[in-house]
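Shared chain: chain A. Partners: chain B in the first complex, chain C in the second.
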Partner chain A sequence: MARSGKITRILLKKDLLFALYSLGYYGVLFVSFFASSFILKSFLDGIREEDILVTAFPLNTYLSIIIIIISLYLVLVSAISISREKEQGTLETLSYGPVTPRSFLLAKFFKDFFIGIISLGFTAIYFYLVSSLTNIGFTPGLIKALVMGVFLVSCVVSFGLFISSFTGRVRSSIISLIAILGAFLVIQFTYNSLLGIEKEALSVPLFYIRQTLHYVFQGINWISPFAFISRGLDSVVLENWPLFFTNIVYCIVYSVIFIALSIGIMNRKGVKA
Partner chain B sequence: MIQTENLGKEYDGLKVVDGLNLKVEKGDIYGFLGPNGAGKTTTIMMLLGIIPQTEGKIYLLGEELKPRNIELKRRIGVVAENQYLYREMTAQEYLDFFGEIYEIQNPKKRIEELLEAVGLKDERNKKLGAYSKGMQQKFAFVRALLHDPELLILDEPVANLDPNGIKQIRDLIEEENRIGRTVLVSSHLLSEVEKLCKKVGIINQGKLLVEDNMDNIKRRLTDTIIMRIELNQEANSLESALRQIPYVTTFNITGNKLDIRLKTDRDYRKDLSQTFVDHGFLILSMQTKEMSLEEAFMTITHQNISLLTRREN
Partner chain C sequence: MKKTLLGILSLLFVVFSFSVWASAEPPVMHEQLVYSLTSFNGASFSKSFCPANEETIYFIADQENVISPRKTIVYYWPITRKYMAGFSTLNEEMAGKFEVLQGGKVISTLAKQTYTLYYPKGYWSEKASVYINDSAREYFQKYKAAVDQFNTRLKQYYESMTQYRENFNRFLEEVKKRREAGDNNPLNAPVPKEPQPPEFVEFYATELTEGFIIKLPVGEFEIRLRADDGTIIEGSERKVVVFASRRQGGTGYEIIPGNRWTKKENCDDPSWVIHAVGKNELYFNPYRQDEYNELYHNKLEDPQNVGSIERWKWIHIDPIDNIKVLLTHQQAILQAVDKEPYFVKQIQGAELGYEIIKYDDDLKQKGYKPTFESYKVILDENLPKTDYAISTVQAENAQPVPQSERTLRLLKKDKSLYLYAIPIFPLIVGVFMLLSRKSRMEK
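Let's look at the complex of A and B:
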């Protein structure tokens, strides 16, 4: 067990250094800060015109934008992290030695998780600077959202790794990720559209479709990491501590389940593409 | 060192490896041969625990190979058919990384020695992506030997090398074997297997046809031998006489020299000598033409594959 932990640390060190030397990562950070700043500027212009600001969480919306962009990056990176090494054969070479699917997958998880945490660190610095420059408060709500962000990152990464564990090539990982997230969106959109129609106006087949979609949607709420992001950030704004901690527990349970599933799939499918 | 019991692998109902019983003893350099698609690489992948077997057991270094038996893998070095390296790392970074994984104490000296042995010492700071295929192949040996493994498993180890590289690797394998490492080599370069291996196993259609030492394998691969004979005078007049002899299958006469293919069911040299004397010839020399493993292996075809499985008299 201790030796397996050591192997995980060695793999993590290598992967983390490579990730931190990659320009793509800093590009994504720049894009997320830029998008957030752009929307924030419109907001500040609005305040200047109205001359009034009444909100307990003035920066949380912009934090949400950054968290979503970083999450999209992390889910993509983690979704290709295992399949890329399968495709390149480097996972096979590692498997000739004492590297197990578990130590390999945990290294990948912690690499992307730490990348997420480092991103949240940069985000905290960014909002501190924004707060200093604009005089908009760096509120406890923002700190709570950043803390929640750590657990949301864990959900996103474990979901991405799950996709990567059952795909053997980078292309199929990306296609699977887009297909699954796209299907979630389509179901959500269709369900919301049907919800907008009066019950009496629905034909019998449409009624049953809506009922079915209701259950599917409930399921997606516990599968999609982006549903966890939405619930987690809502719990911050609602200022409900029990709900906040419940969401953290949900995130931890979600991550553990998806990592365990990924390890199981890797053990079963092997290390070849 | 390596033992398999009824090892089998099935893909969609098709048996790729069937009831394989391999035995590689400590100190052997064992050649694992077979035509393309015979099941060699699948067997090696099972020995390495990369793909699970459908049936049978594998024992490596006296222990049964099980998915959780990771410590066993620390005692094995592998050079696979394809070299999957982290192309963005330098050779030195890569070896340091594997040194950490295998928990090698003070790996610097070992890295230096091995890079020197394969002629890559001056290329250590180059990115692996810039290495040629041959260099990658040699570099894979450095990684495989880095942790002083007791057992080396090599799949087509000299496939991408030039003659000089082949010699370097052959010397390295022989040196490692001399200091006690057991080696399993799967290769299509039969001349190399012949030079290196003490024992050979031949697999076809997933089944081990024969496992024996090199000389016996050569003998079993054919039911005829070629005798090269030199006579005291031109031998064309012997043609009709030779055609009459039932144990002579084919012959070729060039002046006073003859290549005669004889059946191997018994020693016909005495009978053949008598025939020449009866026709007024004197024998200046008579020798059996040695068959290389390459030539012997060429005879593994569907019609004569039964030769390998027959019982020796």
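Let's look at the complex of A and C:
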């Protein structure tokens, strides 16, 4: 057990340093902060003289934008992390040594998780600078959202690793990820469109499709990490502490389940691409 | 795998196309039993109806509400995603006895009662009370008598006005005659005095109407309508959720920005921050407020409304009077303002818009009434762009009103261009990391 933990730490350190020395990561942070600044600037320009804005969460919308962009990056990085090692044959080489699927996957999870936490650290600095520059409140609501962000990052990373665990090649991982996230979006969009139609005006097949989509949509709400992001950030704005902690527990349970599933799949599928 | 994914996406596309096609159909009309509701919302009464698809009706505990089962035409309006009632086409009152049940047992049977809604400060005011039976008739008669009295005074006013115009014309002719005759001495004849129009009745009472008056404690109930032959009328069964406020006695503000007096803002919770650019005229109206569950309260106002059961919202109950509103900065009082009347004056000409001016004697003499009363706080454009506080104290003893403090932040808009510079800092960190790695590898 202690040996496995040591191997995880070694792999984690190697991967984390590799990620931190890549300029792409900082590029993503730049893009997310720039998108936030662009919208924030337009918003500030929109507040004319004599106008007011009353809110307890003046920066939370911009934090959501940043979290979504960082999450997209993390889910993509996680989704290719195992398949890339499989494709390059590194995983096979490692498997002849003391590296088990469990230690390997935990190392990958914590690497991406720490990358996420470091991103949230950068985000906190970004908002502190924004607040100092514009005097928009750096409120307790923003700190709460950043804390929630840590758990949301774990959901995103574990979902990405899950996708990566059942695909053997980088290209398959990316296609699977886009297809799954796209299907989630299409189902949500179609279900919302059908909701706009009166029940009596629906033909029988459409009615059953709507009912089916309702159940599928409910299921997606517990599978999609982006549904967790939406719920988690909502719980901050709702100012409801029990709901906030419940969402944290949900995120932890989600991450544990998906990591366990990923380990199981890796054990079954083996280390070859 | 690719084929399966393509298949799923194609199916979803077809479903979506069908949904767009189906939404273009004209609305289908249904005749159904609905409940017309006049529900107490914490401060006044909300009017709505509960169509057949809504299973639950919401009320505030220990308050009288009016519920009236009616047969009407109902159709679905996709734009608002709500059912609409065509009461002007069909509005048939349903006969029968109204039963309230709890745990499957009938706890009360109600008969219809006559009621009126009484608005002490007029129909458009925010407060109203419901009066039943004899009290309802008394209040409605009081209103009717006041309207009759007003009509009599109005008739007298028109007669006086005709008389006044005649007298004024005679007076002008007299002046003209004297001037033409070369008489430049002061005119000793009195100038006719213009009569003042009578004030309209300040209060208002609705027409006497019949409905079931329902007043229940906190809990869950069922309701239904029993026909005279003893059968339950189909479609009359509903659940009723009766709820109470979570917190009472908070202080909330309604803020009227000087540039848009019709679009008021609320600042109801001490955690809410008021952000302003500076050069503002803000009109604050403090209210005593109670906090209700958002879903329940939204559904009370209209059973088809949506809301979140996890969210709570403050409802303004009564304005707080005999106070002063303070603008402070680090304990120093910058402004202490009293309530004053204001008048919204339309700007003449092509400019369009309006200005808010202080209501004075001149406006009073011209017969105008104040548009609103409020506490005006002026934020000068030269005020340092930092944090301030708005709070309320009792006018008599300067004691702070509980939970009345709010933070007011003046935004530094002039530096907003630098927002584009901040995102560069992760890139700087990234370059530093790369360089440090490179130098370490070289060593």
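We adopt the following convention: the second predicted complex is superposed on the first by the 270 of 273 C-alpha atoms of A that agree within 3 Å, B and C clash if a C-alpha of one lies under 4 Å from a C-alpha of the other, contacts with A are read in each partner's own complex, and residues count from 1 in each chain.
The rule is simple: contacts are C-beta pairs under 8 Å (C-beta built on N, C-alpha and C of every residue); 3 or more make two chains touch, one makes a residue touch a chain.
What you see is a predicted model, and the numbers here were worked out from it, not measured in a lab.
With chain A as the common reference, chain B sits beside chain C without any clash.
Annotation: apex chain A, arms to chain B and chain C, angle 170° (C-alpha centres, rounded to a multiple of 10).
Contacts of A:182 after superposition: chain C is touched, whereas chain B is not reached. After overlaying the two complexes on the shared chain, residue contacts for A:143 are found with neither chain B nor chain C. Taking chain A as the reference, the larger set of touched residues comes from C, when chain B and chain C are compared.
After overlaying the two complexes on the shared chain, residue contacts for A:88 are found with chain B alone; chain C is out of touch.
Looking at the shared chain after the overlay, A:238 reaches chain C, while chain B stays out of its contact range.
In the superposition on chain A, A:18 makes contact with chain B only, while chain C stays out of contact range. In the superposition on chain A, contact is made by A:267 with chain B only, not with chain C.
Look at A:249: by the touch rule set out above, it reaches neither chain B nor chain C.
Of the two partner chains, chain C is the only one that A:194 touches; chain B does not reach it. For the three-chain overlay built from the shared chain A, the minimum Cα spacing from chain B to chain C equals 9 Å. The residues of chain B lying in touch with chain A in their complex are 48-52, 67, 70-71, 73-74, 76, 78, 80, 82, 84-86, 88, 97-98, 100-103, 147. Residues 20-21, 23, 25-27, 29-30, 33-34, 36-38, 40-41, 44-45, 47-56, 58, 122, 125-126, 129-130, 133-137, 139-141, 175-176, 179, 182-183, 186-187, 189-190, 193-203, 206, 209, 213, 235, 238-240, 243 of chain A are the ones touching chain C in the complex.
Partner chain B is touched in their complex by these residues of chain A: 3-4, 6-7, 10-11, 14, 18, 88-90, 92-100, 267, 270-272.
Residues of chain C touching chain A in their complex: 1-2, 5, 8-9, 12-13, 15-16, 18-20, 22-23, 25, 27-28, 30, 53, 76, 78, 81, 255, 257-260, 265-267, 269, 271-282, 308, 310-311, 381, 385-387, 407, 409-413, 415-420, 422-427, 429-431, 433-434, 437.
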